[in-house]
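Chain nomenclature is as follows: A, B, C, D, E and F, assigned in order of appearance, with residue numbering initiated at 1 for each chain independently.
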Amino acid sequence: MLDVLLTNLLSPIVLAFALGILASLARSDLEIPAPLYQALSIYLLLAIGLKGGAALRATPLSEVVGPMLLTFGLGVLTPITSYNVLRKLGKMDRVNAAALAAHFGSVSAVTFIAAQAFGTLTGFESEGYMPALVAILEIPAIVVALMIANVRGAMGEEATWQSALHEVLTGRSIVLLGGGLAMGLLTGPEGLEPVAPFFVEGFKGALVLFLLELGLVTARRLRDLKEAGWFLVAFSIVMPIIHGVGAVWLAGFVGMSIGGAAVLGAMVSSASYIAAPAAVRIALPQASPTIYLTAALGITFPFNLALGIPLYFAAAEYFLG
Amino acid sequence: MPKTIPLKLVTVVAEYLLRDKLVKEIGKLGVTGFTVTDAEGQGPRGNRAGVYEGRNVRMECVCSPEAATRVLKHLSDYYFEHYAVIAWVQTVEVVRGDKYV
Amino acid sequence: MLDVLLTNLLSPIVLAFALGILASLARSDLEIPAPLYQALSIYLLLAIGLKGGAALRATPLSEVVGPMLLTFGLGVLTPITSYNVLRKLGKMDRVNAAALAAHFGSVSAVTFIAAQAFGTLTGFESEGYMPALVAILEIPAIVVALMIANVRGAMGEEATWQSALHEVLTGRSIVLLGGGLAMGLLTGPEGLEPVAPFFVEGFKGALVLFLLELGLVTARRLRDLKEAGWFLVAFSIVMPIIHGVGAVWLAGFVGMSIGGAAVLGAMVSSASYIAAPAAVRIALPQASPTIYLTAALGITFPFNLALGIPLYFAAAEYFLG
Amino acid sequence: MPKTIPLKLVTVVAEYLLRDKLVKEIGKLGVTGFTVTDAEGQGPRGNRAGVYEGRNVRMECVCSPEAATRVLKHLSDYYFEHYAVIAWVQTVEVVRGDKYV
Amino acid sequence: MPKTIPLKLVTVVAEYLLRDKLVKEIGKLGVTGFTVTDAEGQGPRGNRAGVYEGRNVRMECVCSPEAATRVLKHLSDYYFEHYAVIAWVQTVEVVRGDKYV
Amino acid sequence: MLDVLLTNLLSPIVLAFALGILASLARSDLEIPAPLYQALSIYLLLAIGLKGGAALRATPLSEVVGPMLLTFGLGVLTPITSYNVLRKLGKMDRVNAAALAAHFGSVSAVTFIAAQAFGTLTGFESEGYMPALVAILEIPAIVVALMIANVRGAMGEEATWQSALHEVLTGRSIVLLGGGLAMGLLTGPEGLEPVAPFFVEGFKGALVLFLLELGLVTARRLRDLKEAGWFLVAFSIVMPIIHGVGAVWLAGFVGMSIGGAAVLGAMVSSASYIAAPAAVRIALPQASPTIYLTAALGITFPFNLALGIPLYFAAAEYFLG
């Protein structure tokens, strides 16, 4: 067990994340140019989609329907649980609770990739169609959370959940991920072959650069941690564990493998820091970015990367092993 | 010297996320064109979203005094409170300025 | 035949192009950062050159002289045919006709690559020295078209075809393509080996990103289509077919293979949208960019990508098979 | 306060393709320096070449009033008609301004 | 029209290497915020380090006249002699300008 | 011998450098976008570090202590020899002499890579831990040179060698190189495997693009060459030869292989053009960038790339063969 933990902590992607944090704390002038960060995120999302789409083509529909419905259901459920815990236990105001709910209901693509890589490393390969689940999980949570905010009358002047839905659906993450899935589905594994050296083999290395940048950004968030208060810190660790372990448990009922269940757990537990912040900033301008970014990027992401992912795999082995 | 006309130059610096929204909205306020550049910055409030906190857009509009007033009012009504925005106005001499009013 | 067409339409590069168009039509905020686009185009041009140069080294001069002369001749001829068709059949003014002639006489590097890839896929490998022909085809058409414009007195104040020639020769496409060819020639296949994983294996994948961007840009052009008028649309499809099939037929006389002839046909039929627009904009400012960009990028490029390339291969099989 | 001198600040936004040409030409019109940034924009005409239609260059020149006039005249004579260009002029106080005339 | 206040806009163009240093230093001179963009340029002196010689930073500060004077003095004292720097000042009308003094 | 020289001159990286110079001299509009250059340099430094760190893990400490101490010693010594030669033979003023000393005492990462690649090509593989020596050599020279300047009272107002030390240690080159080393050490060769296609196989190709840019930049420096004067030209060639051959000779005493000794020679002879210029510009603003950049980038770098590297390998064969 400790061995597995160490393997995870010493993987290049976790180390790159740590290097980014350390460089920022040491006030290094290291910076990833914005176009490089954008290029990496376009590449990573498209690559995930392509691989997932090609795998999806080889999977019988009957096998994926269950996991897809489960994922959709969790995408609707987790923002609601998050919102209620924040309101009732945390006494948080409605707007900020809804904003956080959108983040914790949605999904962090990098957490997904890290979980998948961890599975490969430890011999628990996850299902090839998982990227389709990422796309499914990305959408409902943001809409549900904004609907909650709307019902309660906290919504900004002109924003509605319909326009937020449009924003999310045409946002670059869904377009690239969904577009990649469609491309992979249409072209199939043979069609993918000529582009594999670029999109498949280069993938893990490109991820290292991406995590270096995430480390630099996270470090800036860590400075806001003291303002966050103990409840937010606890919430950003405990809620993901509950969501994640719950998802692992449910995944067993729809026939997912140990690896697949654990990766789904990591996805459900993770908090979005790309699609959700953009949508929430426009639709709920009164919500404090300091709160939701610190929680999603400063606490939940590093926690999952270092400890959460091994935990969800342990849970999957326990429930399904 | 080619004929110039005095017009207003409105400069707006705002968080990047607002870029496309602002472009669309000022078009409806009688502004005939704009120029944008990528920018970074810090301000007295520092309240910002997005992974790239420092990323801003810097927008310039050459327009009539009336359009300038409408732009500033729009920013005040909808953006100043919750978003990272600064705006200032100057008078500039514009070549063939009649095209931009 | 239909099978081949489908294979082409479902290849990752065509799908990426379609994704770009769809994303733009759906008003997605997806954008390829300008430096990424520039990086990809530097990479692609240099890679084509390197591979072509190394192949050229292995080819006896006697084998390439014929194709080279033919290519040069077509580079001189096609702007003249284009100009006359536009003037006489299309009743187009001199300046815009010359501008279009420069575009249709010149070559689109991406069409070349797509044709080459199509050949590989369908078992009609083209000659390794083809990239040298791309460089040869890039130059004369622009100069010829500007000379036509000059002769007719439509040229801008200070611009001359000599300065346009200098512009084209020192323009980044020729420098990278020609420079890559020279590097490949000098270093040879063994010298190229250490850089092959980067320049050869990564190539097709990088192309996917490039076509995503081209799709985004093309979609913007499609909006101008209604202004273009039916003659321009017809010209941008029929003229390339005539040029392309003609080139395929002539290629047989200089000893090119089926694959080589078809790829040459695709090249000759294609319209430049990088070198030509820049040169024309400076030398013929009165010409309307809306016309020449809509034709080259909005009509001819997608047509060739989807249907033209299979057509030129069918023609090559018919003439040379 | 360090001594400042009032000079003209000419701002030109033009399609990117013209960048190197403009730099070369304004150098011959008595302008001693310039600053350029990448920009994007839209204008009332929207007539543009290049794959990146929206791509512009934003150029600033601090110069004498005479040089400013020459620059504006040059733009009017050769560029305004066929290219995407906008230009405006302001008076600014320049530190050690005597270096730039 | 929303209330505006006349303030100073200080624009500084300097070699990129000075970016972080200048940001830190002007913060101590009573400037409450700044906006920076990447720029390139050439000047009468052309004395520059770094592999990217042409690379500059363009910094704008909206501030009180007193802060503007302090910034210009600081630049004169420490940077003008050895570094590539140009600076100019204008008066601009700033929306909610009281936030920036 | 001539054969080896030719192999070097016709390698893709030297040819790319030459292409960059020629393109600039021909006033081509070719330019490498700044973010691409930054991306490449982040990638290259991290890749060197990762590989070196993984190799370091497999090397017994006893084997590397000697080379490390030697490298550190040379990092202290070479700025002192440089400074004295410049002052006494060159009659150069203190500030500019100290500035040049910082550059010639420090190291050019690209020269290191080129030397390593040359060794691989000619069968003289260097030790895997060499990148650690690059990091060691980067630091002392800049500090020593600034201390010399300080002692002599030429230092700028607020700058001190301590702040320069901090600047160098937290500067992006050391953070990436040192960070990469640490990551490689911690994750080891197996950990590195999944990221190898990206960081190891793509390396040489990415270097080609980097050298294209260096060629463009160097060409600008060549224009300042006439102002430089014959002494600076001679110094920038002879001093590196002396430092380099001396280092090769000393490397024999600490048990380095022929390849390792030659690569160390190339490193020691090389002049920094990334870390040193930045540190010197801040700490010694009175020093003329024209002088130190022309020397380091305009003379020493091309000399080493074309002739110096083969020379240090010849010297290593002579001393250790």
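We take it that contacts are C-beta pairs under 8 Å (C-beta built on N, C-alpha and C of every residue); 3 or more make two chains touch, one makes a residue touch a chain.
Keep in mind that this is a model prediction, so the values were computed, not measured.
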Item to check | Those chains which touch subunit D and also touch subunit C | outcome: none
Checklist entry - Measuring centre to centre with C-alpha atoms, which chain is farthest from subunit A? => result D
Item to check | Pair with more cross-chain C-beta pairs in contact, given D-E and E-F | outcome: D-E
Item to check | Furthest chain, CA centroid comparison against subunit F | outcome: B
Item to check | Same or different contact residues where subunit E meets its copy subunit B, judged by the half mark | outcome: different
Checklist entry - Whole-Å distance, subunit C centre to subunit F centre, using C-alpha means? => result 41
Item to check | Centroid spacing, where centroids are CA-atom means, of subunit A and subunit D in whole angstrom | outcome: 46
Checklist entry - What is the distance, in whole Å, between the centres of subunit A and subunit B, each centre taken as the mean of its C-alpha atoms? => result 35
Item to check | Junction residues of subunit C, two or more chains touched | outcome: 29, 33-35, 39, 197, 202
Next on the checklist: Which positions in subunit D are in touch with at least two other chains?
Outcome noted: 37-38, 90
Checklist entry - Of all possible chain pairs, which ones touch? => result A-B, A-C, A-F, B-D, B-E, C-D, C-F, D-E, E-F
Next on the checklist: Residue numbers of subunit C touching subunit A in their complex, please.
Outcome noted: 10-12, 15-16, 19, 22-23, 26-36, 39, 117, 197, 201-209, 212
Next on the checklist: List the residues on subunit E that touch subunit B in their complex, please.
Outcome noted: 1-2, 4, 7, 9, 23, 32-38, 62, 90, 92-97, 99-100
Checklist entry - Can you name the residues of subunit F that touch subunit E in the complex? => result 34, 37, 156-157, 217, 220, 273-274, 277-278, 280-282, 285-286, 288-290, 293, 297
Checklist outcome for this item: In their shared complex, subunit C is touched by residues of subunit A numbered 33-35, 38-39, 42-43, 46, 50, 170-172, 175-176, 179, 182-183, 186-188, 191-192, 194-199, 202
Checklist entry - Tell me, which parts of subunit E touch subunit D in their complex? => result 11, 13, 37-45, 56, 58, 69, 72-73, 75-76, 80, 86-90
